[in-house]
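Each of the next two complexes has chain A plus one other chain: chain B in the first, chain C in the second.
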Partner chain A sequence: MPVGGRVSGLRARLGLGRRDALDGVVIVAGVIFAVAALPSLLSPYWVVNATIAFIYALVALGLGVLAGRVGLISLGQGAVLALGGWVGARLLFATSLPYPIAIIVAGLITMVMGTLIGLPALRVSGLYLALVTLMLAGAINVVLTDTNFPNGGKGFLGYNDISTGTPPSIRRPSIAASDPAFLRYTVIVVLVMFVLVLLHIRGKPGRAWAAIRQSEPAALAAGVNVTVYKMWAFALASFVTGVAGALLGSSSHVLYNYQFPTSQSIILFAVALMGGIYTMWGAVVAAFLFQIVPSLFTVWGISNDWATILFGVGALQVLTTAPAGIAHQFPRDMAKLGRLLFGLARRVAPAGGRAP
Partner chain B sequence: MIEINDLTVRFGGVIPLDAMTVTFESGTCGLIGPNGAGKTTFFNVLSGFVRPSAGSVRAFGDNLLTMPHFRRARWGLRRTFQTEQAIEELSVFENVAMIHEHSRRSRASRRSDVLGAIEFVGLGVGPETKVGTLAVRERRLVEVARAVVGKPRLVLLDEPAAGLPDAETEHLGEVIRRIPGEIDALVILVDHDMDLVSACCGVTAVLDFGVVIAAGPTADVLRDPNVMRAYLGTEETV
Partner chain C sequence: MPSWSSFQPFIPIGLAAGGAYALSGVGMVVLYRATGVLNLAFGAIGAMGALIAWSMINTWHVPGGVAYVACILFGGVLTLVYGMIFGRVLAARDPLVKAAATLGLALLLLGVMNRLWPAQVTRTLTLPSDNGGFAVGQANVDWTQVIAVGFGIAMTAGTALFLRVTKLGTAMRALADDREITATLGVPVRRVEAAAWFGSGLLAGAAGLLLADLDTLASDALTFLVIFTVSAALIARLRSLVVTFIAAIVIGLVDNLITPINSITNFRDMTPFVLAIVALLFFAGRRQYSFARGGIR
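The block that comes next holds the complex of A and B.
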C-alpha cells in the first residue's frame, strides 16, 4: 500500500478529516519548535513574555469553551485566574507536592470555586450572566486585596507582611528552574490542557454543548441535562484557568493583587473574541494579542493605553464583520489575497509577453 | 399506547389545552387543528417544557409528567420542532449520535444504530457532511433520523413537512409510515398538510381551542361537520 493510502487509512480509523491531519502536522511542528528552539532564540525579556502568553492562552481557551461552545458569556475569568494563582501559590508554599500534582490540585480546587461562580448561569444568560460574573469578579478582587497573595507566610492565608527585602519565590519544578526551561515546561502543560479540552469538544460533552448553544429546548428534548453540561463547561474552563494561575505564580515568582484588576476580565474577553472563540487556534492568537502586543508597544515606546484602544476597536471589528475572529478570518483573507495576486500576475504575464 | 386525560394548561387567562382527553393506540396518529388550537402546547407538555395545571399522561404504563424533561429522551420520547433544530455545527453523524448517547442504548451499538437511522430516512448525503451546509429537505430528514435513533417508544413530529415541496413531502410521508413497523414506536404527527396526514395516519384527533372535537379513523374525522366548521370558521350551531 502506498504511504498516502496508509496515512489516509489511519486518519479514517482515528475519525479525523483532512483538515485535522493538517492541523495535527502544524501543531506537532509548532510544539517541537516552541520546546526545542524558541527558548534559545528569544532574549530573556521575550522568554518571560512568551511564557506568560502561553499561560494566558489557557485563559482564552477556557473562555472559548464557555462562550464559543456553550454560549455562556463570563466576564469573571480574570478573577478565576487570580484564584488559581492564589491556590497554586498557597499549595506550592505549604506542601512539597511534586510540581505537576500541585498545579493539577490547584486546578481542581479552582474548578470547584469557578463552578460556583458559574452557578448563576443556571438562572440567567446573555448580558445578565456577563454582569453577574463581572460583579463576582469584582467581589473576588476585593477579597484578594484584603487577604493578599501567599508569599510564604504562616496561617491559612500564608501571607507575611514584609515591607523590606524580596519575598520568597513561588517555586518552580526542579527540572524547569530557569526561565527558558520554564517556558518549555509551560508549553508542555498548555499542550496537555489543549488536548484535554479537545477531547471534551470532540466527545459527548462537545456535542451536548453544541446542542445547548443552538437551542436549549432542543437540547433538553434530545435528553441533554442542560444544567449538568453548563456546569461541566464552567468546571472545565475553571480547571484550565486554575492551572494557568498556578503557572503564572511560578513564572513571576510572586503575585500581587494589582496584577489582576477586575477590568482584566473584560479585556481578556475582548481579546478572546478577537482571536476567535470558535476554534482552539483562536486562544493562541488571543494570548499573543493580550501579552505580546502590549510588550511590543512597551519596547517601541508606545503607551499601553493604545493596546486597550486597539482591543476595543478589534472587538468591535470582530463583532461586526468577522464573528469567528482572527484565527478564522486571517487564513481566509490571506487565501483571498493570494488568489488576487495570482490572478493579477496571470493577467500581467501575457500582456508583458506581447510587449515589444 | 398513550392515554391523555383531562389535560389542562393555563397561561394566565388563556387556556391552550382545556381538559384534553384522547387515547392514541398505536401506529401513526394524526393530530390536527387550526392555528392556535393547542397542538404544539400539547407536544410541549409531553416534552416537559410546559407544566399542565391538571390532567394526566400515561405512556406505555408510565406517568410521563413526573419525569424530569431531560430524562424523557432516555425513556424513549423523541420530537422534532416546527422550525427544524438539527445542530448546524455538527456533522449528520454527530447530530444523530448525540441523541443515541443520551438514550438507553449501549455505546457498542452506536455506530450501526446511527448509520441505520440515517439510512432509514433515505438521506442522500454522507454522514460526515456538516448539517450547516444542508438544504431544508435534508435537515428535516436529519431531524427525523434523530427522532428514530436509539429505540424510541414515542415519536412526536411537529409539522415535519412545513416548507417542503410536494415531491419531498411524499418521500417524508413514506419515511413516517415506516416508523411504527420498523422502529416499533408510536408516532404522533402534527401537520397542516391534510394529504400527508391522510397518507400517514390511520387515526386522527382534532383539537380546536384546546378541546378534542373529533377523534377516530382519519377519513371519517376529515368528513366530520364539526371539524370542517372549526377549519372554515363557521359558527357552530347547536
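The block that comes next holds the complex of A and C.
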C-alpha cells in the first residue's frame, strides 16, 4: 500500500479531514518549535512577552468558545482573568500544593465564581448578557481596587500593605523557575487547555452549542437543554481564563489592580473578533495582536494609544467586512495571492520559452 | 450608620449625576428602538466632546458658550456620521453585532483621546453655573446640579412628547415596532434613522459636558460612565423612557448616598451592576427578558 494511501486510511480511522490533518501537523511542529527552540532564540524581553501572549491566547480561547461556538458575548473576560489571577495568587501563597494542581484548582474556583455571577444573565437573551458582563467587569474592578491582589499577607485577602521594598513573588513551578523555562511550561499548559476545548467542541457539548448558535428555539425543540449547555460554555471559558489568570500571576511574580482596567475586557473582545472567534487559530492571532503588537510598538517608539486605535478600527472592519476574522481571512487572501502569482508566472513562462 | 445630616450633601450630587445618566439613557433607548443599535460608545463620544470644549477654552481661548455648543454638536455630528456609515452597513445584522461595533468606535475614540489629551495631565471643566446656588438643609445645591436634573426631566418629558405628537416621532415609534412595514408605508426610513442618530448624539454630547463638570474630565472615566447609563437602560428593558429616567436617578442617588457609609463606600461604584442584576432577577422571575418588538413608551 502506498504511503499516501496509508495516511488517508489513518485519517479516515481517526475521523479527520485533510484540513484537520494539516492543522495537526502545523500544531505539532509549532509546539515542538515553541518548546525546544523559541526560548533560546528570543531575548529576555521577548521571552516574557511571548509567555504573556500564550497566556492571553487562553483568554481569547475562552471568548471564542462563548462568542464563536455558542453566540454568547461576554464583555467581562478581562475581569474573569483578574479573578483567576487573584485566586491563583492566593492559592500559591497560602498552600504548598503542587503547581499544576494549584492552577487547576484556581481554574475550578474561577469557573464556579464566574458561572455563579453569570447565572442570572444566562436566563436572558444575548445583548443583555453582553451588558451585564460589561457591568460585571466594572464591578470586579471596583472590588479588586479595594481588596488588592494577594502578596503573601495574612487573612482571607492575603494582602499585606507593604509601602517599601519588593513584595514577595508569586511562585512558579520548581521545574520552570527561569523565564525561558516558564515559557516552555506555559506552552504545554496552553496546549493542554486547547486540547480540552477541542474535545468539548468535537463532542456532545460542541454539537449542542452549534445548535444553540444556529437557533435557540430549534435547539430547544431538538431536546437540547439550552440553559445547561450555555452554563457549560460559560464554565469552560471561566475555567480556561482562570488557569490563564494563575499563570499570569506567576509570570509577572506580582499582580496589581491597574493591570486589569475595564477597558482591557473590551480590548480583549476586540482582538478576539479581529483574530477570529470561529476557529481556535483565531485565539492565537488575537493573543499576538493583544500582546506582541503593543510590545513591538514600544520597541519602535510608537505610542500604545495607536494600538488601541488599531483595535477599534480592526473591530469595526471585522464586523463589517470579515466576520470570521484574520485567522480565516489571511489564509484565503494568501491562497488567492498565490494563485494570482502562479497564474502570472505561467503566462510569463511560455512567452519566455518561445523567445528566440 | 452615619446621621441624616451626613447624607444630605450627597442628595443633590446624586440627583445631578442621575440627571446626566438619564440624558444618555434616554438617547440610548430612543436610538436602540429606532435603529436597533445599542450605542456603547455614548460615554466616549461625550468624553471627546468635553475634551474638545476644554481645549477650545484653555488652548484657543474661545468663549465658553461656543465651546459648550461645539461639544454638544460634536456628539451629534460624530454619532450621525457613524450611523450613516456603519449603521447602514450593519442594518440587517443582529443587535449584538451592532452593539459590538459601537465598542470598536469607543476603543477608537479612547485611543485618539489618550493620544491627544494624555491622561497624565489633570484637566477640569467648570461651567459658569457652578458659581451660584442655594442651600437646602445641610446641602449646598449649585446651578449645574439644578440644570442636570432639570435637563434630565425636560429631555425625558420632551422626547416622550416628541415621539407622541410629531410626525418624525411617530415615524420613529413605527420604526421601533416594525422596520419593514414602516418602510413599505412610505416612511423615509433612512431620514428618520439619521434624525435618531443625530438627536441621540446631541444628548451624548450634553451628558458628556455635564459629567465632565459633575464628575471628572478624564477620557477613561467618562467613557466607562456608560456603564451607569447602560444599567438604567437595561432596568427599563431598553424600552420605557420614564423608567430609564427613574432608574438613572436611583442609580445616581444610591451611588452617592453610599459615600458616607465607611464600610461600603469603596464599593459604591458597583451600584449599576447590583441594581441591574436585581432588576434582571426580578423580571426573569416574572417573564422571559427578550428583545421582542415593541414601541418606545
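By our rule, the second predicted complex is superposed on the first by the 346 of 356 C-alpha atoms of A that agree within 3 Å, B and C clash if a C-alpha of one lies under 4 Å from a C-alpha of the other, contacts with A are read in each partner's own complex, and residues count from 1 in each chain.
The criterion applied here is as follows: contacts are C-beta pairs under 8 Å (C-beta built on N, C-alpha and C of every residue); 3 or more make two chains touch, one makes a residue touch a chain.
Keep in mind the model is a prediction, meaning the values are calculated, not measured.
K.L.:
So in the superposed three-chain picture, is A:Gly338 touching just chain B, just chain C, both, or none of them (first/second/both/neither)?
P.N.:
neither
K.L.:
Of the two partner chains, chain B (first) and chain C (second), which one does A:Ala211 touch, if any: first, second, both, or neither?
P.N.:
In the superposition, A:Ala211 contacts chain B only.
K.L.:
Give the label of whichever partner, chain B or chain C, reaches more residues of chain A.
P.N.:
Partner touching more chain A residues in the overlay: C.
K.L.:
Pick one for A:Val226: touches chain B only (first), chain C only (second), both, or neither.
P.N.:
Only chain B; A:Val226 stays clear of chain C.
K.L.:
If I apply the document's touch criterion, which positions on chain A are contacted by chain B in one structure and by chain C in the other?
P.N.:
none
K.L.:
Looking at the complex, which residues from chain C come into contact with chain A?
P.N.:
Touching chain A from chain C are residues 38, 40, 86, 89-90, 93-97, 99-101, 103-112, 114-115, 220, 223-224, 227, 230-231, 234, 266-267, 269-270, 272-274, 276-277, 280-281, 284, 288-291.
K.L.:
For chain A, which residues are in contact with chain B within the complex?
P.N.:
It is residues 17, 204, 207-208, 210-211, 213-215, 217-218, 220-226 of chain A that touch chain B.
K.L.:
Where on chain A does chain C make contact in their complex?
P.N.:
So the residues of chain A in touch with chain C come to 71, 73, 75, 120-121, 123-128, 130-132, 134-136, 138-139, 142-143, 145-146, 261-263, 266-267, 269-270, 273, 303, 305-316, 319-320, 323.
K.L.:
Write out the stretch or stretches of chain B touching chain A in their complex.
P.N.:
The contact residues of chain B facing chain A are 47-49, 69-74, 77-79, 81, 85, 87-90, 94, 97-99, 101-103, 128, 146.
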